[in-house]
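Quick one: this structure, given as structure tokens, is what I'll be asking you about.
A, B and C label the chains in the order they appear, each numbered from 1.
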Amino acid sequence: MKDIVLKDVSKSYDGLTVVEGFNLTLEAGKITCLLGVSGVGKTTILNIIGGLAGSQGSVSGVPERISYIFQNPTLLPNMTVEGNLDFVLRSQIKDKEERKKIIAEAIQNVGLSEFAKAYPYQLSAGMAQRVSMARAFVYPSELILMDEPFRGLDVATKARLLEYFLALWQKSKKTVLLVTHNIDEAVLLSDKILVLGGRPARISAEYFLNSDKFARKLSDKDAAEVFGKIYDWFAAVTPKS
Amino acid sequence: MNKAKLKSIIVRFSPLITVGVFILIWYIAAIAVDIELILPRPALVFKELLALISGKTFWTAVGGTLSRSFTGFAISFALAMILAVAGFAIKPIHRAFSPLVIISRAIPTMSVILLSLIWLTSQTSPILISSLIMFPMFYSDFYSALNNIDKGVIDMAKLYKVGAKDIVTRLYIPNILPSVLDSVRSGISFNVKIVIAAEVLAQTRQSMGISMQISRVMLDTASLLAWTAAAVAISYALELIVELIKRFAVKWRRA
Amino acid sequence: MKKLFVAILIVIIAAAAVFTFAACNNEKGSIKIIVPDGAPALAIAKMLKDKPQFDKYEITYEIVPGAAEISAKIANGEADFAIAPTNIAANIYNKGTDIRIISANTFGNLYLVGTESVSDLSDLKGEVVYNIGMGGTPDLTFKYILNQMGIEYFASDVADETGAKVALHYVSSGAELIPLLKTGNAKFGILGEPAVSQALKNVSGSIRLFAIHDLWADVTEGLDYTQAVFVGRKDAIDKYEGIVEWLSDLLDENVDWIAANPAEAQAALADAGSTLTVALNKQIIRACNIGFVPAKYAKSDINAYLTAMASFNAAAIGGKMPEDTIYYQ
């Protein structure tokens, strides 16, 4: 697994410059968060990394296979939970028995073993997102791109999802890019938080969190401090109307 | 038996009750008019129907009408599906064909029937007519079905580099199946109706249409109504079959 | 319980509505005489023009689009007298409407035309003959004639290659048949006047080959082809004393009048709403074969006609031969 490096990247849409001369490093095996308000350009950067958008400048280290987790769980409505995971694995792992084993384990990791044969219409939003996460991890990728995956979920559901996410991540430690505007997720999941602001977007602050993610709590001293600093920054930057 | 239980029984059998009331009104009206030629009594029509079913000509006619219906259905289904898929995949195709679809939808059925009589034989013109009428309906429905698939899911499949075969057989086909089957269900009985109408004008041999026409010419209203009842029953049976297929094939939706 | 009551109320109201609807049809002050559009309308052309009144009773004369209207209106009492196809007259009588056949009035306006000359009916073997209306009286008549002449036939739009049978194919109107003759899709077809004259005019090389009523006479040893009759409801005949004789005189004198005044006959029809577009002249009127034969003299010809039709499909005449009482004495 290599680091993913963006060097001197620029991108414009319709005459609007989203980023210019942008630099970013996603360390291999670490969870990096791009934190910013809606419209600042974090999805654009994610798309550039994923190869969904072109750009000027250099993008290196991006692996061949990438997993995605979006706000929309994007599950196939016509397939069970198992079927949904199988859908993306079929072309990657040819051995049926091996696939079944891997899928069963992943489903267990997100606590949905009882719902293995349930259809998406029978799942709650949180459960559907768990399947989406299981799918992202079960897919043989070296990079996971997440675009506001926990948006719209209540605190309790989100907290559990974060736990499941970390449980999945612990087994494989893939490189993760989390794009969000929620500070709580950023602080609880990330190794490195990059705060994005301005137009064109630039990194206005970098925060590192070294504590063990699995034991981390928002009330921890360093976590709370980072949370507070970022929050205050946004509050100060946001124009008072 | 308490009130609630009685009510639930009535609700369950309410369709039958409605049919019963309908037949009752028919019976009263038939007695009031009292002219067999104009409105025969239900019992007489039922007797006619039984007589029809036991004869060979009935089944030959039904077979003829059904085979024409299916042929027309198959042609319009295939054409609509091919064009809908093409139009979905390549938007310019959809735009290019939309005037054709609009025209075929707007053409009065009678025009189609009369024109096809000029160009085709009495045995084949009902097939053209049914295809022409069904095509725009199927095309719109199939195209909508494709468009209604969550684009996020399609994107996901591409991002996860799922094979083309799997995308077609596991994503597209199962997700348009409910809409397609709904469309087929309403189309199939409508189709039979149109084919019969065409058969009357085309004087199609061995058809339900011509049998109805002959009954009419013979002033045999009871027989005409019996044929009509048969046509209704057949349409209903076809709809039921499609509904059953749908129940069997589509398990992943709320019932 | 309340809902059940409402439902029953609806049923009663619906039935009552139907009762009133059925009842109101039978109330009218005047006598109504109807006739199908086309050649049969010529049978009362002078009456359409003069609109003669009987005694103190008002009479309305009306052209209706087809035989279906004739049977419905006579059956429900809206009309009192009508020119009707003979088999239709027997049919409604057998289905319960008490009518009397007063006279036979049209004696065959069907002709076989073709774009190729044949000398004998058997020359049609291996050819396709188009007819109008599968199962209708022109169809049954032609089949009867073929049977009597020992000529085999079958239903198809493609001719018999072995040349042993006549293929019979059907269209639903004369308007359809004429273009087919013109393009050569049809070589032979049976049409009724005045459509026949229209076809002969528009289709170059077409000729009038046979008169169906002549063929009929050939196979029945000289009987008249009593295609349409003048009927009256029994209740009207009884109510208006003397009307039958009065009407019979009018029908009789009409025969010569139309032969002598084709233009006026046409005008009379047009004024009454006829959709005939062909210009009538003396030949066409003659070919329409209008006549007048009182029931008692036409009886055996009519019976023969009915028997022949019934031999193919008893439903054509209403299931059985009508009793003699159908004929006005």
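By our rule, a contact is a pair of C-beta atoms (placed from the backbone, for glycine too) under 8 Å apart; a residue touches a chain by one contact, two chains touch by 3 or more.
Treat the numbers as computed from the prediction; the structure is a model and nothing was measured.
Peer 1: Going chain by chain, each one touching the next, work out the least steps from subunit A to subunit C.
Peer 2: Step count on the best path from subunit A to subunit C: 2.
Peer 1: So which chain ends up in the middle if you average the CA atoms?
Peer 2: That would be B.
Peer 1: Which chain has its C-alpha centre farthest away from the C-alpha centre of subunit C?
Peer 2: A
Peer 1: Roughly how many whole angstrom separate the Cα centroids of subunit A and subunit C?
Peer 2: Here subunit A and subunit C have centroids separated by 85 Å.
Peer 1: Please tell me the distance, in whole Å, between the geometric centres of subunit B and subunit C computed from their C-alpha atoms.
Peer 2: 37
Peer 1: Please tell me the distance, in whole Å, between the geometric centres of subunit A and subunit B computed from their C-alpha atoms.
Peer 2: So the centre of subunit A lies 50 Å away from the centre of subunit B.
Peer 1: Taking each residue of subunit A in turn, which ones touch at least two of the other chains?
Peer 2: none
Peer 1: Given the complex with subunit C, which residues does subunit B contribute to the contact?
Peer 2: By the definition above, subunit B touches subunit C via 21, 24-25, 28-29, 32-38, 117-118, 121-123, 200-203, 205, 210, 213-220, 223.
Peer 1: Under the definition above, what is the set of subunit B residues touching subunit A in their complex?
Peer 2: Within the complex, subunit B contacts subunit A at residues 150, 152-153, 155-157, 159-163, 166, 170-171, 174-175, 250-254.
Peer 1: Help me check something: in the complex, which residues belonging to subunit A touch subunit B?
Peer 2: 50, 65-68, 70, 72, 74-79, 87-88, 90-91, 119-121, 135, 139
Peer 1: What residues on subunit C touch subunit B, complex-wise?
Peer 2: So the residues of subunit C touching subunit B come out as 7, 11, 14-15, 18-19, 22, 67-68, 71-72, 75-76, 88, 91-92, 95-97, 133-136, 155, 157, 169-172, 176, 179, 313, 315-316, 318.
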